[in-house]
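Next, two complexes with chain A in common: one pairs it with chain B, the other with chain C.
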Partner chain A sequence: MELPGKGLVKGLAVTLGTLTQRTGTQQYPDVEPDLPPRTRGVIALIEENCTVCMLCARECPDWCIYIDSHKEEVVVPGAARARQRNVLDRFAIDFSLCMYCGICIEVCPFDALHWTPEFEYAEHDIRDLLHEKDRLEEWVATVPAPPAHDHRGEPAKEQTAAAKRSGQSAV
Partner chain B sequence: MTSELTVGTGAGLDTADMVLNIGPQHPSTHGVLRLKLVLDGERVLSAEPIIGYMHRGAEKLFEVRDYRQIIMLANRHDWLSAFCNELGVVLAVERLMGIEVPDRAVWLRTALAELNRVLNHLMFLGSYPLEIGAITPVFYAFRERETIQAVLEEASGGRMHYMYNRVGGLKEEVPAGWTTRARTAIDQVRRRMPDLDNLIRRNEIFLARTVGVGVLSAADAAAYGASGPVARASGLDFDLRRDEPYLAYGALDVPVVTRTTGDCHARFEVLLDQVYASLDLAQTCLDEVDKLTGPVNVRLPKVVKAPEGHTYAWTENPLGINGYYLVSHGEKTPWRLKLRTASYSNVQALSKLLPGTLVPDLIAILGSMFFVVGDVDK
Partner chain C sequence: MGSVVGDPIKFVLNWGRRYSLWVFNFGLACCAIEFIATSMGRHDFMRLGVIPFAHGPRQADLMVVSGTVTDKMAPAVKRLYDQMPEPKYVISFGACSNCGGPYWDSYSVTKGVDQLIPVDVYIPGCPPRPEALLHGIMKLQDKIAGEQSGLGGVNRTDVKALTAPPVRRP
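Take a look at the complex of A and B:
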C-alpha cells in the first residue's frame, strides 16, 4: 500500500522543480521563430521561370492554382517562321484552398515555385487569401537556401545536374 | 364531494428516462462525435455513438486522385499520425508495383513512424488528464511534442501533415546533421518524460477517476475489432510490428506494452509506456540509418500506374490497426482504396462500455478510448 498522497506530492515536486528552471517561452511577436528552410509556409513564384506548362495547376490535388496566358509571336531574325511563346497573364494561388502538400513545387520543371517559411499572411477576409502573381513574387525574397543533404545519402538532384553540366562530380 | 389533486406533471412518481445528446459539438469528444445517451438520473442506460459528422468522402476522393495526391489525402484522416497513414498507402502501392525500397529509406521511415507514434501518444497523454480536470500535464506533453515536431519539421517541412512519403521511398534526403539532432531531441524527451510520468501516473485524484472505470474485457475488445493501445490494455497481445513485421520492424526487437485490467488507467499506462518504447526504437533506427548510404527513393516512371490486381496493406498505427485495401485496374488512380481505421472500431466499443456507468465516468471513458474523429468518419 502506497503512502496516501504520495502521487500528489510527486506531482507537486515536478511543479516545484519546473518553477526553478528557466522558462522556455518564445516571445513570438517580438522574437521571430527560427524555422527550418524546408518549412512549408507560403509559396513564392519566380515569374521569369514560368513557361505556362500548367503542370502545377493540373497536379494540384484541389485545383487551387489559377493560370491564364496568351500566345505571342516572337520574330527571330534569320528564322524562316516566327516562333510562338507563352506569356503569363495571371498566376494565382488560393491559400484558403491550398492543402500545403507541395506537389506543385515538386512537379515544376523550371523551378518557378518555391516554399518559404513565411507564415504571417492571415487575413480578416477569406477572399484576401487568394494571392495573385505580384503577391506571390513578393515572397521570393524570403526563399531560404535549401539545406545540404546528409553526406551518407544522395546529393540533391539539382546539385547532381549542375555538377554534370560543369563537368565535375557532385559534392 | 371528492376532489382529485395532481402533484407534479406526467405520471406521478414514475420517472421518465432522459435522452441526452453529447456532441456533435462537445469539448470532450475531440471533434464532432455525437453520443446519444438514455439516462436514468446520472446513470447511462444505453449509449449509441452517432458518427459521420466529419465524413469527407476520403475513399471516394482516392478514386479520382493519382498516387502522389492520395498520400496528401491519406495523411489527413488521422491528423495526429500523418506519417503512419502515408505509410499504409505507399506500402500498398509499392507491393502492387513490385518496387524494392532502398534500405536507407526503410530505416528512415521506421524511425519517423516511431517518432510520429510518440507525437500522437503525447497528445493524448496531455489531453486525457485535461478532460478529467488536470490541466498541468498538457503543458509538459506539449513541451515534448514541440521538441519532436521540430525534428520532423526540419526533415519534412510539415509539423502535422508531413507529406514526406513517396511511392518508392521518401521525398528527399534528410538535411546534413539531422540524425544527430534527432537523437539529441529523443534524449531530451526521454530525460524529461519522468516529469509527465510523476505528475499524473500515480496521482490519487487521477487514479480515483480512472482505476476500475470503463473496463473493456479482452473478448469484447476482440469482438468489436478494437486494436492498438485500447486492445492491448485489455490484454489482447497483438501488435503488427511484432506479429506481421513491415518496414524494418522484422529486424527490431519490438517491446509490446500490455496490461490486463482493461480500465481507463490501463489504457493510459499503455500509452505512457509505449512512448518510452518508441523513443528507444526510434533511436535504434537512427543508429542504423547512420550506417547506411545510398538513395532514399527510386526513380519512378513519369506516370505511376499500379498494375491490375489488389492488395491489402496494414500497419500498426499509433491508435491501432490501419489498413488500406487497394484495388487497381492498371490506371493511374486506384479503382478502389478501402480504408480500415483504428478509431472507427475502437469507438464502436463505446456502446458496450458506457451502459451502466455514471455521466462523470462517461467523460473519463470517452477520453480513454483514444480516437480521432477524422479517423472515425474518414
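Take a look at the complex of A and C:
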C-alpha cells in the first residue's frame, strides 16, 4: 500500500532541487551570447582575394551568389603581350535564400569568403537581405581568428613542409 | 488618426502593444524547433514581453511563420492570419518562409510567406539562431514604437500589391 500523495511529494522534491540551482537564462540583449566556436552567422567577403573563378557561385546548392565581372588588359613592361585580369564588378549573396551550408567557403581557393558569427541582420524589407559587395566586406571586421590546433595534434601541413625545406624536424 | 488621439495616448498604446505580444507559432518545419528553444528557459523570450502559446489565432497579436510553407498549407496560413485581430504582426522566420529557401525551385513550395500575408520582419538563417529571433522581435518592437497607429488598427500595405507579378510588362 503506497502512501497517498507520494507521487506529488516526489515531483515537488525534484522541483525543489532545481529551484535551488542557478538559472541558465541568457540575458541576450544586455549580455553578449556565448556562441559556440565556428558559428555560422553570416558570410564575409575579402574582395582583394577574389579572382572571379565562379567556383562558389557554381557550387552553391541554392544558387544564391551573384557574380558579375569583366576582363581588363594589364600591360606588363618587358612582357611579350598584354596580360588579362578579371575584375569583380558585383558580388552579392542573397541571405534570404542562403542555407548556410558553407560550401562556397570550402571551395574558395583563395580564402576570399569567411564565416563570421554575427546574426543581427534581420530586416523589414526582404530586398535588404541581398547583401552586396560593400555590405559583405563590412562583415570582415567580425571574422574571428582561426581556431588553434588540437592539443598534441599533428602540425599543419604548411608547417611540416616549411620545416622539411629548412632541414629541421617539425615542431 | 494620430492628430485625433494625441501623441501621449499614441505612445501609451504603442508601448502596450510592444510588450504584450501574444505569439502564435505557425511551426511548419525545423525552424519551429528553434522557435520552441527561444520560448524555453535558456533564451526565454517572455523577458521581452512575448507571451508564447496563445490559445488560437483569435487571441494572438504576432504570428511567427517558421518553416516551409507549401501551396497546400497556404490557404490555412491565410485563414489563420485573417482570424487574428488587429493590430497584428507577422515575423517570417528562416529561409523557407522568407523566400522558399532551399526549395525555391520546388513545384509545391510557396516562394515566401510574403506572397500570402504582409510580413513585418524577415529573419535570415537556416535555421536562425534563437538569438536571431530575439533580435527580430526587438526590431519588430522598434517598428511598433514608431507606428502611427491610433485606436483603430494600423495602416498596412495592400496584400494584393504583394502578390502582383514582380516582373511588369514594359
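To be clear about the criterion, the second predicted complex is superposed on the first by the 143 of 171 C-alpha atoms of A that agree within 3 Å, B and C clash if a C-alpha of one lies under 4 Å from a C-alpha of the other, contacts with A are read in each partner's own complex, and residues count from 1 in each chain.
Throughout what follows, a residue touches a chain if its C-beta (ideal position, glycine included) is under 8 Å from a C-beta of that chain, and two chains touch if they have at least 3 such contacts.
Not measured: the values here are computed from a predicted model.
Visitor: Contacts for A:P36 in the overlay, against chain B (first) and chain C (second): which applies, first, second, both or neither?
Guide: The first partner, chain B, only.
Visitor: On the A-aligned overlay, A:K71 touches which partner chain: chain B = first, chain C = second, or both, or neither?
Guide: Neither partner.
Visitor: As a test of reading the superposition: which chain, chain B or chain C, is in touch with more residues of chain A?
Guide: More residues of chain A are touched by B.
Visitor: Tell me which partner A:E59 touches in the superposition: chain B (first), chain C (second), both or neither.
Guide: After superposing on A, A:E59 lies in contact with chain B but is clear of chain C.
Visitor: Per the contact definition in the header, classify A:D150: touching chain B only (first), chain C only (second), both, or neither.
Guide: After superposition on chain A, A:D150 lies in contact with chain B alone.
Visitor: Of the partners chain B and chain C, which touch A:R165 in the superposed model: first, second, both, neither?
Guide: After superposition on chain A, A:R165 lies in contact with neither partner.
Visitor: Quick one: is A:G5 in contact with chain B, with chain C, with both, or with neither? Answer first, second, both or neither.
Guide: A:G5 contacts chain B only, not chain C.
Visitor: With the two complexes superposed on chain A, say which partner A:G102 touches: chain B (first), chain C (second), both, or neither.
Guide: First partner only.
Visitor: Tell me the contact category for A:W115 with respect to chain B and chain C: first, second, both or neither.
Guide: First partner only, chain B.
Visitor: With the two complexes superposed on chain A, say which partner A:A13 touches: chain B (first), chain C (second), both, or neither.
Guide: So A:A13 only meets chain B here.
Visitor: Determine where on chain A the residues touched by chain B overlap those touched by chain C, and list them.
Guide: The overlap between the chain B and chain C interfaces on chain A comprises residues 24, 35, 39, 61, 99-100.
Visitor: Can you check the complex and tell me which residues of chain A touch chain C?
Guide: My answer: residues 23-29, 33, 35, 39, 41, 61-62, 94-100, 119-126, 129.
Visitor: Please give the residue numbers of chain C that touch chain A in the complex, ascending.
Guide: Within the complex, chain C touches chain A at residues 41-44, 47-48, 92, 95, 98-102, 104, 112, 114, 119-126, 128-129, 131-132, 134-136, 138-139, 143.
Visitor: Which of the residues in chain B end up touching chain A in this complex?
Guide: For chain B paired with chain A, touching residues are 65-66, 68-69, 71-73, 76, 104, 136, 140, 143, 150, 153-158, 161, 163, 171-179, 195, 198-207, 289-290, 292-296.
Visitor: Across the complex, what residues on chain A touch chain B?
Guide: Of all residues in chain A, those touching chain B are 2, 4-8, 10-11, 13-15, 17-18, 24, 35-36, 38-40, 59, 61, 99-103, 106, 115, 147-156.
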